[in-house]
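Heads up, the next two complexes both have chain A, just with different partners, chain B and then chain C.
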Partner chain A sequence: MKVELYLLVVLIALSLVFYFFNPKFFSLENIFDMLRNNAFLGIMVLGELVVLISGGIDVSLTAIATVAQYIMGILLVQNYLNNILVTMLIPVAVGLVLGIVNAIFIYYSRVHPVIITISTLNIFYGLLIFLTQGKWLYRFPSFFRRFSKINIITLVNQKGVPYGLSIFVILWFSLAILTWIILSYFSIGRKVYALGGNQEAARRAGFSVFKIYIFTYGYAGALAGFASFVQAQLSQIIQPNAIVGRELDILAAAILGGASIFGGSGTVLGVVLGTILIAIIRNGLILMRISSYWHELVIGVLFVIAASIVLLRRRQKRRKVVYQ
Partner chain B sequence: MKISYHLILLVLLGSLLIIMGLLTNGGIFNTRSLQGMAFQLPLLGLFSIAQMVPMISGGIDLSIISCANLVGILSAFVLSKRGDLFSIIASCLLGIALAGSIGILNGTLIAFMSIPPIIATLGTMLLFKGIALVITKGYIISGLAERFLVLGNGTLFGIPIPLLVFLGIVIISWFILNRTKYGVTIYMFGSNPVATKFSGIDVKKLVLLTYMFSSLIAGLAGLVMIARFNAAQAAYGESYLLLTVLTCVLGGVSPSGGKGGVLGVVIAVVILQIVSTGFNLLKLSSHLANALWGIILVGVIVTNRTLTLKKE
Partner chain C sequence: MHQDVLISLRNVSKYYGGVVALKNLDLDVYKGEIHGIVGENGAGKSTLVKILTGVIRPEPGAEINIEGEIFSSLTPFLAYQKGIHVVHQDLSLFPNLTVLENITIHTYLKSFLVNTRKLRKMARVVLENLGINIDLNTRVGDLPLADQEIVAICRAIFGEAKLIILDEPTASLTSKDVSRLFEFMRELQKKGISFIFISHRLDEVLEICQRITVLRDGISVGTFAREEMNKEKLIELMIGKKLSKIQKERSSCGIDDEVILEVKNLSKHPEFSNISFTLRRGEILGIIGPRGSGRTEMALSLIGLNPPDFGEIWFEGKKIKIKDYKEAVNLGIFYIPENRLTQGLVLDQSLAYNIAITNLKKLSRRGYVSAKGIVDFARQAIEIFKIKSPSPVVPVRMLSGGNQQRVVLAKWILAAPKVLILDSPTAGVDVGAREAIYRLIHEIVQKGIGCIWISDEASEILNNCDRLLVMKHGRIIGEYFPYQLSEEELNEIIKE
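Moving on, here comes the complex of A and B:
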């Protein structure tokens, strides 16, 4: 629980600082908005977490999300879909399939996952843009637009404008809980930790490494597909270049949340807090009227500091550290 | 093993040349496309060499592109205001000095604070890009000194100057990696860091030097880049980042360290350039070229894998 505790302390301290500069920060409206706008990132990070715990890494998730979203978009625009549940499941299925493609390549080539997923990032995204010419999709059916406006709680602010807790935040948190349950209580989840902790030991214990790969990359792909649905809902326009390029954002949020690049450690609570931390910084800086050029800088500094602290503590624990 | 892999690459290169030659009716071999390739290739080539050295040591440097942009912006500040020879040389030296200090920062984080290279350089990448954005406020600095642009667009005896710069760096890197004690220890460290440490080698210094080397080449690439574009900006060339990892792996550099060399990487860069120029001539989308690069990489890895498996 250590990393989560640190994150929580930093979160509270930062929130107080931002509140001091702009009391609007703690308004429910702002908090709800912030959570809604980061639901996409939050869901992507959950998938990346599972892959990181297994000792792998997936940088193709953004491309998977883009492809999944685009296929859904085409079906929507051509009026093949009339049900939000089916619409939701299409990108999930596409993501699952593409994630499994990754898993198969990684397992059979025995090459570091970062290399394979860089390749598949190029393949998925390149083919998509080539086939679609990068055209934007918009004017979706009304059921698709209506769903995006659903709020679980609806309140009215002082100016009489209604606001609320978006359904996407609930979906994000539900998926977080689901991921946590799978990782903590399901045998496959424990196997993911075991594989990340020591691949050879996991193999000798009789685990099918291939099946674990299929699960981790498939699950991450499916979550990326779902995240792309959320992103399309929020923006109501599908631009093929909107998501690709954010792969390092996802990785940064996961690592800030305490997921280890070496595998075997990381928790759902940690990465949710990591995502919220990045969200709070972006939001707080905006409320402090600090120009957006500073955001990257602040997040970069924070990332370097966080990584240093985690690693220094690790070194104190005298676990295997190569560069000593 | 090493020779056979280079052979695979050369066969791939040869067949690509034949295919592209046939498809473009020899258009890829005319002076204009060769000239074009000779101007485009050095930038990816320099970045690939900058990525190769840390990868041989078992690490990775994700900050090369943002380092190049930061160096470019700093130099462009001077170059957009003054055009005399002294200022040009001074601004280049200033840029290279900045690149060196970036390398020291990366190296310190990795060697002395024990942060894994991928995390440390991911952090500094965000950091340098942030600094670049703060300095430029997202604007482009353009209109650089005429005489400086020669570095990106000029020719010497008909050979593009950026190509000469690239060849110079290739020779220097080859010499360092193959003919100096430092080069040999990088390979040794890449294949077994613990053994290297216990053989009494100062691994911290080694890692520090490796990342300095990488950043210095990235800084030089930054200067070539601003000279080619006649402008500097915080986000130029970002698509090169993953591409450099791709060229390195295609060139035979193992992501786990200890393997690969300059020759393979240069062949890989040429392969990528031929695909890209060929697609351009065929008026095919550059995104299809990206997809093809990914397919080539996976294909080469799988071929390599099956070949080594047979030998074992």
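Moving on, here comes the complex of A and C:
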């Protein structure tokens, strides 16, 4: 609870700062915009959270998203799809399969997940570029565009332009709730925490580490697939190099949100707040008219501060245990 | 089958290639008994545990009889089902999960969903029955080690264990924690739970176990009732040879419970780092390691001659900061240096002078020290320490190495130390004289002094110390009881 509380305080404080610089910050239109633009990141982060809790790390999620998105895109462009529901599920299925591939490599090679997922990042992305020559996909069927415009609440601003709370934000929050339910109330979710807390003890307790890996990386892959659907919806164009490169944002949001890089801890609420924090920072910097070159620097510095706080707390706790 | 036997092993063997881990082992564990298993490192204890918990299979021909059911081997699942649980030395707990989750963790193997409310009720019942009042919602990682140990045992109880194997459960516990643990075990014993207690701490084994099985080189040397055993007999059975006189005495010596010196995280870059240990009254703690391992530097930091960068020193229960050797001496912490010729004696002065120099308070009257007083004192020392010298006024330069060392010992021991730090006390002393010096040290330690014995000779440390620490590259890399290791093994460990 403590981490989430700190986050909330920081969020509110930052919001006030940005509001002071530009009152437009707190406008509903801006808030809805922010949330919609970060739904993609938010969903990716949920998957990364599960992986981090298990004691691993996955940097290939952006590549998985790209491949999933592209396969959906090809089917769309060739007019094989006419149903938004099916269209939504294709990248999820692709992501699930690629995630399971990760899990199998990680389990059987006994190599640290960071190394395996760096490899698969390159393999998945490399293969895709090789096969597609990096060609963009666009001019999707109209049902695909129609879905992207759905808003849950619609309002009109001063200039008469309508705006609203996008359906993708609802989807993001729904997936967050689903992830929370699985992690808290399903035994597979608890096993992920257990594995991250003490891998040897999990093995000794009789847990199938293989099955836990399959779930963890498979779920992350599936969510990455869904996120790629959202991203394609929002931009209505599929560019192979659009997603890869945003790994830092995903990790930053997760770790700022309290997920420990050592495994065993992290909450859905925390990483949702972490994503919103990153969203607020980027948005605030824009509204303050600070050059976008500074954005990465700011995010980077915050990341270092957050990671240091986590490490310091851990060291303090260790010292406390030693003296007992 | 005897009515009260829970588990019976017959003809259990395990070979790894040509190496015998266990051979024709027979073992019976009664219901409601605490059964100790002792043996040197490599005697087969962990192999036995792995066979009992189904992690490995014994050679064909083995018979594992659990309450009448006979198996030729077990699997982890089967062992668990039959009520055989193990608490490893590292406890195998999940520090990031709550006490409740850790205790009920095995339910996750069967069910899809987690029913916290039901589990909480069941766990509460178990804990109440045992009189444990640890909060179910605490993160296990936040609990003190002794409580974690209890949680680990509760996990086994919740899983309906009939036999709980404890592997070195008390390694990191204080004696108060150990008493609490033993009380808990006795409660469980009354309810019919059996324990296998594996430990190197023979005093504890003798305290808590009803019967003790000794393993040596893969075979069972026998199972003995606690009443017919003592520490000396146990050690002799474990190592397979008779103890030397000194070792016998040390084994029967009571070491006080009271900690006289405690060192926490002592560090000085680059000489040594993170040194922590405790020393009790009447205990001889050996420190062994190759040259350059930081042993002497660390010892000097205990007496103010090499102040550490970091860490705490606690003496007689109080935290102290020693600025110079004089303060150490005033407290009663004495150091007998490695190099007696340059640091231990004033070579040109007489024997009497050398001995008197640390005992001036005793010898002076109103600021004056009489020459006669010094000589008389020296005569006493010569007699007590059996120093072979033509006369008390002979310059110590003329004495043999062994006798010189006795003078050094005498001068410090007569000054009534509370903690004696010996740095290579028999360096340059011939074999004949060593035995006598060992005897001297043991006699004085028996009076309630804590002794730290630094040496790089494995046999000297193994024969004289109650416990030993191995230092390498400035760190403590291991703590052992002398009967755990052979001389060859210890030399292997300290080899660079």
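As a working rule, the second predicted complex is superposed on the first by the 318 of 324 C-alpha atoms of A that agree within 3 Å, B and C clash if a C-alpha of one lies under 4 Å from a C-alpha of the other, contacts with A are read in each partner's own complex, and residues count from 1 in each chain.
FYI, a residue touches a chain if its C-beta (ideal position, glycine included) is under 8 Å from a C-beta of that chain, and two chains touch if they have at least 3 such contacts.
Here the structure is a predicted model, which means the values were calculated and not measured.
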item	value
Touching partner for A:255 - first (chain B), second (chain C), both, neither	first
Touched partner set for A:159, first chain B, second chain C, both or neither	neither
Chain B versus chain C as contact partner of A:123, first or second or both or neither	first
A:291 touches, of chain B and chain C: first, second, both or neither?	first
Chain C versus chain B, contacts on chain A by residue	B
Chain A positions touched by chain B in one structure and by chain C in the second	321-324
Residues on chain C engaged by chain A in the complex (per definition of touch)	76-77, 80, 88, 90, 92-97, 101, 105-109, 111-114, 141-142, 144-145, 264-265, 276
Contact footprint of chain A on chain B as seen in their complex	58, 62, 109-111, 113-116, 118-120, 122-131, 133-134, 137-138, 193-194, 197, 203-204, 207, 238, 242, 245-246, 249, 255-256, 284-285, 287-295, 297-298, 301-302, 305
In the complex with chain B, residue positions of chain A that touch it	59, 105, 108-112, 114-116, 118-130, 133-134, 245, 248, 251-252, 255, 261-262, 291, 293-301, 303-304, 307-308, 311-312, 314-315, 321-324
Residues of chain A touching chain C in the complex	184-187, 189-191, 193-194, 196-198, 200-202, 204-207, 264-265, 317, 321-324
